[in-house]
Each structure stands twice: as structure tokens, then as C-alpha cells.
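Chain naming follows the written order as A, B, C and D, and within any one chain the residues start at number 1.
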Amino acid sequence: MAEAQAAQIGSIVPGSPEEKRLHEIWEAEPGWRGWLSTTDHKSIGLRYLFTAFFFLIAGGIEALIIRLQLARPNLSLVTPEQYAQLFTMHGLTMIFLYALPILSGFSNYLWPLVLGSRDMAFPRLNAFSYWIFIFAGAFLYASFPLGQAPNDGWFNYVPFSGPVYNVGPNIDVYALGMVLLGLSTTAGAVNFVVTFLRLRAPGMSIPRVPIMTWGTLAASFGNLFAVPAVSLAFFLLWLDRNFGTHFFDIAHDGKALLWQHLFWIFGHPWVYVIVLPAMGIVSMGLPTFCRRPLVGYMPVALSTVATMLLGFEVWVHHMFATGLPSLSLSFFGAASMIISIPSAVATFAWIATIWLGRPVFKVPFLFFAGFIILFVIGGVSGVMTAAVPLDLQLNDTYFVVAHLHYVLLGINVFPVVGGIYYWFPKFSGRMNSEKLGRLAFWIMFIGFNLGFFPMHIAGLLGMPRRIYTYPPNMGWDTVNMVTTAGSFLFALGVLVFVIDVFYSIYKGAKAPINPWDAPSLEWTTPSPPPPYNFAVIPFVGSRYPLWEGRLAEAEGRSRLDEGYLLMNGRETLGTTAMHAEPDAILKMPADSYFPLVASIFISALFVALLLHALIMAITTVALGLLSLVGWLWPRPVLRMEAAA
Amino acid sequence: MLAMNAPLDYFLHADGSASKPVLTLDWVFASIVVAVCIIVGVLLVMALFRQRAPETVLPREDDGLSWIVVGTTLSVFALLGMTVYMLATLEQISKPSRAPALTINVTARQWWWQVEYGADDPAKRFSTANEIHIPTGEPILIVLNSTDVIHTFWVPRLAGKTQAIPGLTNRQWIEADQPGIYWGQCTEYCGVQHAHMAFKVVAETPQDFDAWREAQAKPAALAEGGGRSVFMSQCSGCHAIRGTTAAGAYGPDLTHLQSRQLIAAGLMTNTQDHLSDWISRPQELKSGARMPNFDLPAGDKAALLSYLQTLR
Amino acid sequence: MSESMLPTVPVRNEARLSGWFGMWTLIATEASLFVYLLFSYYYLKLQTDQPWPPEGPPRLLLSSVNTFLLLTSSLFVYFGERKLKQDRKKAAVALIAIAIAFGTAFVLIQLKEWSRKSFSISTHLYGSLYFTITGFHLLHVVLGMGMLAVVSAWTAMGYCTKSEHGPVSAAALYWHFVDAVWIFIFGTFFIVPYL
Amino acid sequence: MEQTASPGTFRLTVDLCGAAAAWIILHTAGFALSSYACYPHNSPAREPMLPHFGLALGSLGIICTLAALLFCWSASASWRGIRNTPGARRFMAGMGLLMSLLFLVATALTTAAILLISPCSPWK
């Protein structure tokens, strides 16, 4: 019975009744109901992108205030306490609320499209992770207007963040907000891992998966193992602050260094979590504009995986100055040097791809090519900080600030903006403005280097991080002035980009299906894609399905117009993990309010914990668990469909 | 030149055997990484703009693997060399070549540095603040503690950083080849006044150092007068003056206040006007500092200031 | 290429429901949480000068009984899942119910064990570690029992069947994980002090 | 199947993870032991607190390097056996070879660190 129904294979012509039926099956309800209940990965992906970009702008404004304060010596635009809250909020916003969520946005939107699936493995969990993300973001920002925002830097060292030296709610907000945000990150990671293992189009065996998915896959595995460390650290700190435990309480044999270990065991893998998917965006987009496949698919994939693995064993390089024995430090110095080998692999792969290709200088390509040099500068300054004796000088100076901005802006923001340009036709159905795009790139590129390169020099001249002002006789006046000017120029570039996005959404030319002549599956769907992504699940016969005619050696032929029909309710195809052989028809859940309801209750629980409201906490836990049961409640409709 | 008057610079100056090998390492590494950036940049520009033959052959995916093989192999060898060099330097600076001549206990506090010189004879022990005097040409052991939060001890021209962590006793050695003043600064965020937590290392010839130490070990000269009683009633809860009953331990020991060049952990030079300002409104000059504003009657304040002038 | 190239596919291959993969990823992340908890424990223990545990090695009787109960409950869950796969729903529900009963006994005994301690979470470092780590585990036991209760209810209501045992399998997997973690916690707090 | 020379899944997994595991063991154990031996409580120790510490750590380094070498050899044998048969297994074998090479370098450098740096210094 079920098998007979399952075997239907065929093709669906655009505009046919079958296509309309698919639309009905997959479309979200119109209006606000659909908006709150949708589980469409494309809507969720775009929401992630918008929300994360909003946080980028918030963090950017904080940065500009910081730069104004530091433009000249002895300024007092903000008070020292305001300054502390500004740099803390700037750091945590950019690192936690922008850098990963924006990449989750890309992956959410693109994964099912590049993998040839109709949705993520757990669409409701996907909605849940977005709602938790935005609630956690609101939670972390809630105390900022009251002047009680987190104020101990994003790495929040104890004992300064402990109950004795930091009595306000500031750090409790940070601690609980991070645990809450961790839920979102973990939910997202679970979804990506299972989607990768389970939802690839038939024929898309491991060596054929689009290169960008390796980055997000590695990052998701990284999250699964790293996020618990930071959630635990913040939870223990919260216990210390609220229930008199002694984990970090020096007077009772707690250890200040335990925090540093737990934080950086998370923190360093996290650095790779927020750059590997962005490098994947480049590896995916760059070859399109070079008109040839990426050179060295396997080495690049390997370098992604190896970087993530090595990333778990370098955390102590943030702790070189803690007085640990030299021998202990030397292990981590060596490991931190080694981690640049996979980066070298990726760099040479990109350059070789350009060298052997025929570059087409469209806006996304400018960002990807510009990224390469920023990647190298950020990488080699990392090699300098990996050298233990040298890091004992560089540590906690502006050299490190320069390094981390080259890494995070160079390797995250540039690929992200390039990626938005690259997939803009898919996102919006419109083409961006080449003129505005080029302008945005050049202003951003020049502003970025003008703003952040001098920070290296400020660092070599001994300027420490996190000082709210400095006297005029330290030799830092000029570099700081230049940095401030550059950062405003960079901000202007971002503004031009935002203008371009809004202009093009309304006024851009209609985008064709595959405007860049790209090789991967998302470019077979209309721009923007329909709610069901693929009318039939395509069969993938090679690594570059859309370029099979023009490569000297394509391993096989893909079939894109004909495949599994799968239209008995929301269905997509499950395939085996290694060889992607068809394995099962997966019944996908309907849209639901439960993810939103569950995330409201869970977020309310954290508010209750912050306020020490016991009854509210118990109520929210009970309601949250109930909504989870409701969410997972088996659907008899499935069996009826199967039996039909 | 701009770099010449940057007192915390460590890229152009290294003035002791704990920092000199690192300066060399710094330049070697910096040269290599700048070279790498230039090479990659040139390759990138060439790749972007080189002349290309008209399109005749279909691209093959595996063309260009030699780029990765050659590039990565070269990088691996460069990294091997750099790592071994780095490790050798680490071993070199991990400890001085001979036993330390002197041990100084430095306790980091929000937001100043307490500096203690031990001695077998209790009468010779003394405590000072924000100014570490050392003899030249000798390795000096700094024993680091913190009474509150994590701070970092850093005298860039003499040595790298070491955190002062409450509950732990870290060590750092410094050595100055020539007499001079070397600036230091806390570099771990430690609260609102992290920016104003500077100190100085004053390196002197052994003779000068001995003379200084001798003078510091003496109790304060006993000046009588109104100023002293103002001090005892207003200041002695936090500050100590050896030879008097003032034994407060929260703030710097003021026994030889006038021998110091700076006050308030490097915030201001030690002049009569600055002291007066500091006593009246520390919360405006260094908001959050542990010292409250003292609104003293004009007469009391003048007396107190003239008393402080006697603390030489 | 001919259509016969594409194999036919059954609706839902039950052994490999996405939820089953999802449960493994959840276990991976939860396991690392416990690894970090135990890391913190050993890190602090190795550096303390206090007597450890402060009141001498703990009494073993209750906790050994508890260990026995929890490990046995895993067996019941295992057989319950098997019965369901053999289409014997009632037996499955009964076996899982026994496992839940054992779990409840574990929770009660653990609470008794807690109440016998003369220290609290804020008394000293050991107390903080002891109550936090066993508390985390207890929370997972309660969560696991909740999962088992829900899936056994679904089985009784006819939602989970021989061909659709996915939720039961996932809950069972979680329960085995919770039991496995206990072995490490039991070893840390009750066996290691005697070594 | 005729491909008798083709390595099995277990072998491929070992090739992929073996050298990495050798390095992770060396790195983690080396770090934990040296931190404990030289900074056991609240202040640095002059001598390692563990007996025969330098010798033990050096031996561990050499054993792990040899193990990584062995995994490299195994991975390259697997790769040679399968390199002409396209597909997922060939890909895994290639990943295994690259992974082993990378972690051989890592293990060797970590051993170099053990040999070059003295266990504890009276200063630290």
C-alpha cells in the first residue's frame, strides 16, 4: 500500500494543477497567522538575516560611540561605566547576536535549496530556534536602556563579574541571556546536522555536497560540543551570584581560572563557528564568478573539518598570560601555529580558482576577492599571537583588537555582504544595483582597512584594550584619530549597502532563475523560490549539476525536471547519510504556533529566574513542557495519508 | 617620530634580557607575515588581472591542485621553522640565566599597585605604591597577587604580561640594562578605572637603588602640627604612615609620598596643586576610585597639604 | 536514463526517523555538558586544600541501591521497546511503566540522600559541586521520565505502533543516556573517594 | 565485488581519525599533566610534582608521533588501493590521508614542544 503510493515519479509543469496543489500544501496561511506559525525555512532564514543585520547595526552604533570617545585623548563623551557597558554590548552583540545568527540565516535559507530538499529536517525546531534567538536578543538588551547592561567585557571574567564586585543585575542579565541563546544555537545545530545526514537529494553522495555546507556542518558539530561549556559557565556564575555557591568564589577555594577555561573551551571553537560557514559562502560563490569549479574541493572540505577539530584544542592561547607553566603554554602555541595550515589550503584554493578561471567582476565577486586579502591579514596576525612569547606582549592590546576585527569583519562581514549580493536575486526576486554595490564595496573596503589596520600599530605602541580614555603623551593620538575616521567611513559603506538593498527590493530589475550562471541546485528554482522549493525532488549526478555540459570531466548526469513527486501532504525525501540513496519519504509537519508558544514560555522562565519569581518560574516550566508535548503530538493524519 | 614618545611601545624598544629576545622574535615574525601578505596580495592581483588565452578548453576541476600542494608545503615548512624558533624563545624567557637578586611583592588592587619590599629585619620592610624601584643589571622576581579582581602586570619594555589572579601567586621576572623609567599598565579589564591603573618601574644603578631603599625603609619624619591631626582623623583609616599611628591598609602607604613622581596610579604628577585637587574631588578625576571626596575646611586642608609635604 | 534508475521508497523508514538522528545530536550536546561538569569538579578538587569530601567518603548503601534501580530500569525500557516492535503494545506500556516506577524510586531515594547531607549547596565548594552535578542529573532523570510517560501514553492511545515506534525509540535512547551518565557521576562522588 | 584491495569502512574511519586521536591524546594529556605538575595548587612549583615527569611526557610524545606515522602509512595504503574508483569511499580515503598528514605534523610539533621546553622553571 504505502510502497505503491511512494514510487510515483514524474515531472510537474509550471502552472499545472499539480503545481497548484503543491502550493496549497506548502504555503503558509496568509496574514499574521501565517507569519507567526510558518515553518518555511526560507521565511525563517530571511528573518534571521534581517534580525542579525539589525543587531549588526545596533552593535555598529555602539562601536561608533566608542570610536568617538577614543578619537582624541582625555575625552569624556561617555562615563567610564557607560563605556564599559558599550564595549560589552558591542562585543556580545556582534559575536553572539550578529555573527552566528546571520550565518544561520544563510544556511537556513539555502540548505534545503542547495541540498535539493523541501525543508529542513525539523521545520518546527527551526522556527523555535529563531524565536528563542530574537527573545534572547531582546532579553540581553532589556537592561541597556536602564543603564544596567552587562559591563565586564564579552568574556566576563570572574571575580569582577562575581557577586562581590558587580552587584547590579547587569551580569545576571548576561548570564541568563547567554543560557537562553544557547538553546537557540543548539536547536539550530541539531537541525543542520540532521538535515545534512538525512535530507540531501538522491545521488548527492558525500563528495558531491555543495562546498558551503561543510562549513555550516563543521560549525554545527562545533556548537553541539562547545555551547554547553559556556552555558554551564554562565549558569554556575549565576548560581554563585544568586545562591551563594562557590565555583568561582576565591575565598572558598573556587577558582578564577575555571571561568577562563570553560569560557575559552567554548570561545575558541566559537571563533571557527562564526567564520567557517562564511568561508563556505566564499567557496560557493567565488567559483561561480570565475566560471570554473573550486580548485581542490576535497582539501578545502578537509581544511574545514580539520580547522573545527583543531579549534577545540587551542583555547589556552587566550590564557597565555595567566601564569600557567611554559610547557603547558607551548602545547597551545604549537597547536595555534598548526591551525594556520588548513587556512593556507583554503587560501591557495581560492587564488588558484581565480587564477585558472575567467573572473567576472560583479559586486559579489568584489566582496569575495577582497575577503581573501583580509583573510590573509587576519590569519597571519593570528600567527603572531600564536607565538607564546610574542603574545605575552600583544595580548590585551589593540593588536589583538585589530586581529579579531580582521577576522570577524574580514572573514564574516565581507563574505556575508557578498553572500547577500550573490543570493539577493533568490531572496527577493530582484537584481541589485551594480553601481551602488560597487560603491558600497569600495567604501567598505577602504574604510575597513583605514579603520582597523592602524589598530595593529596602536597595539604595537602598547595601547591596552578596554581603556575608556588615554592621556595625550602616549603616542596613540594619530592612530586613534585615523581609526575613528576609518570606522565612520566603513559605517558609511554599510549604509550604502543597506540603501542598495532597499532600493533594489522595490526598484531592481526582475531576476531570472539563474542570473549569475551558477552551478548549484538553488539556481534551478524560480527567483524567489516557491514554498515547496522543488516541484519534484531532483536527482544529482555530479558536484555541479548545472555545469555538467561544460566541464571536461563530469562524473554523471543529474536529472532536474523529473523525480519523486511527493505530494501527499508535506513530504520530502530522506536519503542515506553517505551515498544519499533514497531511503524514506519523510512526512514534514504542518505550520504550528507551538514553537512560538514554547519559546515564549521558555523565555518567560528566564525572566522569572532573573526576577526570582518562583511561582512564575514553575508556571512557565509547566506550560513550556506542555507546549512541547503539544508540539510533538503524533498526527493521525499521517497514517491516513499513508493508507490512502 | 610618533613612535619615539610612546612609553608603552614594545616593538621598537626592549631594555632587558626578558624582553630583548621577544623584540627579535617580533621583528622576525612581523617580517615573515608581512612578506606572506605581500606575496598573497601580488598573487591575488595577478590572478585577477592576468592576460588569459581565449577560451578553448573546458575547465577541469582538478587543475590547479599543484597550487595547493606547493603553497601548503611551503607554509608547513615556514610554520615548522617559526614554531621551533618561537619555542626556543619561550624557553629563553621562561626564567633568567641566574638567580634573582631581589624579590618584590606586587599586589594589584582596584585601581592601584601595592609594592612591597621584604627584608629579614622587619624594620627594613616597607610598602610603597605604583612605583617599583629596581637595580639595573639584575634579574628581579616580581611575585604577583591580587586582592580583588584579575589585573595584568605589564612593563612592555622589560617583559611580557602576567595576570595577577586572586587566589594564585604568579611570578614574572624583569631586568633593566640601563637606568631609566619604564612605564607599566594594567591590561586586564578590572572595573571602571581600568584605564587609570598605570605604574612606573624606576631602574637605578645599584648604588642609587640601595640609597633609595635605605631611605624608604626609614619611618616618616615626625612633623607635628594641625595637618597631622587632620590626617589622623580623616585619612588614617585607609592610609598608613610608618612611625605614626596611621596604619590603614586600604590605600597606598604614604610614608614617603613625596618621593613618588605620580599620584592616583599614574593619573597626575605629584604636585601640591594636584594633591589638593585629588583630596577634594577624586570622584570627578577618577570616578569610582575607592577614595571619597573630602570637603575639608580651607584651614584644615592647607594644614593637611603642608603635612603631606613633609613626607619625604 | 530510465525511470527504473530511481528506486521505490517506503513511506518513513521507521528505524531512521529524523527524530532518531536528532536524539543522538541532543545526547551528544548533553553528554558534553556532563563532561564539562565533571571537568569542573576534578579541576576544583585537584587544586583544593580542603578535606575532600569534607565529611569523609560518603555512605554507599543508598546510592548503590539507586544505581541498581536506574540501570535495571534501562533494561525494562529496552524490553518495552522490543515488545512494541513485536506489536505487543500492552506489554510495552507495562514495561515502560515499571521503568518509570523505578525512575520515581530513584528520584525519591536521591532526595532522601540529599536531605541526609549535613551541608547545603552554599556551605562549601564540595557542597556546591555535589548538589549542582547530582541536581543536573536528577533534572535529566525527571525529564526522561516525562518523555517515557508521554510515549507510553501515546502507545496506549495507539499513536505509537509496531511500524511507528519512533517516539518510543527516541525516548528509550534518552533514558539509556541518562543512566549511562549516572555511572560516571556515581563513580565520581561515591567510588573515587574510596580509591 | 571484485575490489578486494578496497579498504573497509572501519579501516577508512581509523585512517580518518587515528592520527587526530593520537594528537588529541598527546595534547590534552600533556597539557593537563604539565599544568598539574608545575602549578599544582596556588603557586608555581620549582620541580615537577610527578615522578619521572619529563621522561614520561617525552615518551608519550614519541609514542604518539610513531602512532601518527603508522596511521599515515595506513591511510596512504588505503588511498592507493581506492584512488581510481570514484565515489564516496574514495573521497573518505582521500580525507583520511590529508587528515593523517596534518595531524602527523601536529603531533611532531607538539613533541618538539615537549623536548624544547623544560618542564618547570623555578620562576614559574
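By definition in this document, a contact is a pair of C-beta atoms (placed from the backbone, for glycine too) under 8 Å apart; a residue touches a chain by one contact, two chains touch by 3 or more.
Just so you know, these numbers come straight off a predicted model, no measurement behind them.
Enquirer: Indicate, using Cα centroids, the chain positioned nearest the centre of all protein chains shown.
Expert: Answer by centroid distance: A.
Enquirer: Distance from the CA centroid of chain A to that of chain C, rounded to the nearest Å?
Expert: Centres of chain A and chain C (C-alpha means) sit 32 Å apart.
Enquirer: So the centre of each chain is just the mean of its C-alpha atoms; given that, what is the distance between chain B and chain C in Å?
Expert: Spacing between the chain centres: roughly 52 Å.
Enquirer: From the mean C-alpha coordinate of chain A to that of chain B, what's the distance rounded to whole Å?
Expert: Result: the chain centres lie 38 Å from each other.
Enquirer: Where does chain A touch two or more other chains at once, residue-wise?
Expert: Chain A, residues with two or more chain partners: 254-255, 299, 323, 326, 330, 333-334, 337-338, 341.
Enquirer: Indicate the residues of chain C shared as contacts by at least two other chains.
Expert: 47, 49
Enquirer: If you look at chain B, which of its residues touch at least two other chains?
Expert: Residue numbers touching two or more other chains: 76, 83, 87, 90-91, 94, 167-168, 170-171.
Enquirer: What pairs of chains are touching here?
Expert: According to the stated criterion, the contacting chain pairs are A-B, A-C, A-D, B-D, C-D.
Enquirer: With touch defined as at the start, can you tell me which chain C residues reach chain A in the complex?
Expert: Within the complex, chain C contacts chain A at residues 1, 3, 5-13, 16, 18, 21-22, 25-26, 28-30, 32-33, 36-37, 39-40, 43-44, 47-50, 121-122, 124-125, 128-129, 132, 146, 150, 154, 159-160, 164, 167.
Enquirer: Using the touch definition from the top, list the residues of chain B that touch chain D in their complex.
Expert: 76, 80, 83-84, 87-88, 90-91, 94-96, 141, 167-171, 173
Enquirer: Of all residues in chain B, which touch chain A in the complex?
Expert: Contact set of chain B toward chain A: 2-11, 19, 21-22, 25-26, 29-30, 33, 36-37, 40-41, 43-44, 46-48, 50, 52, 55, 57-65, 67-68, 70-72, 75-76, 79, 82-83, 86-87, 89-91, 93-94, 110, 144, 148-150, 152, 154, 156, 159-163, 165-168, 170-171, 185-195, 287-288.
Enquirer: Note which residues of chain C are touching chain D in the complex, please.
Expert: Listed in rising order, the residues of chain C that touch chain D are 46-47, 49.
Enquirer: List the residues on chain D that touch chain C in their complex, please.
Expert: Per the touch definition, chain D meets chain C at residues 36, 40-42.
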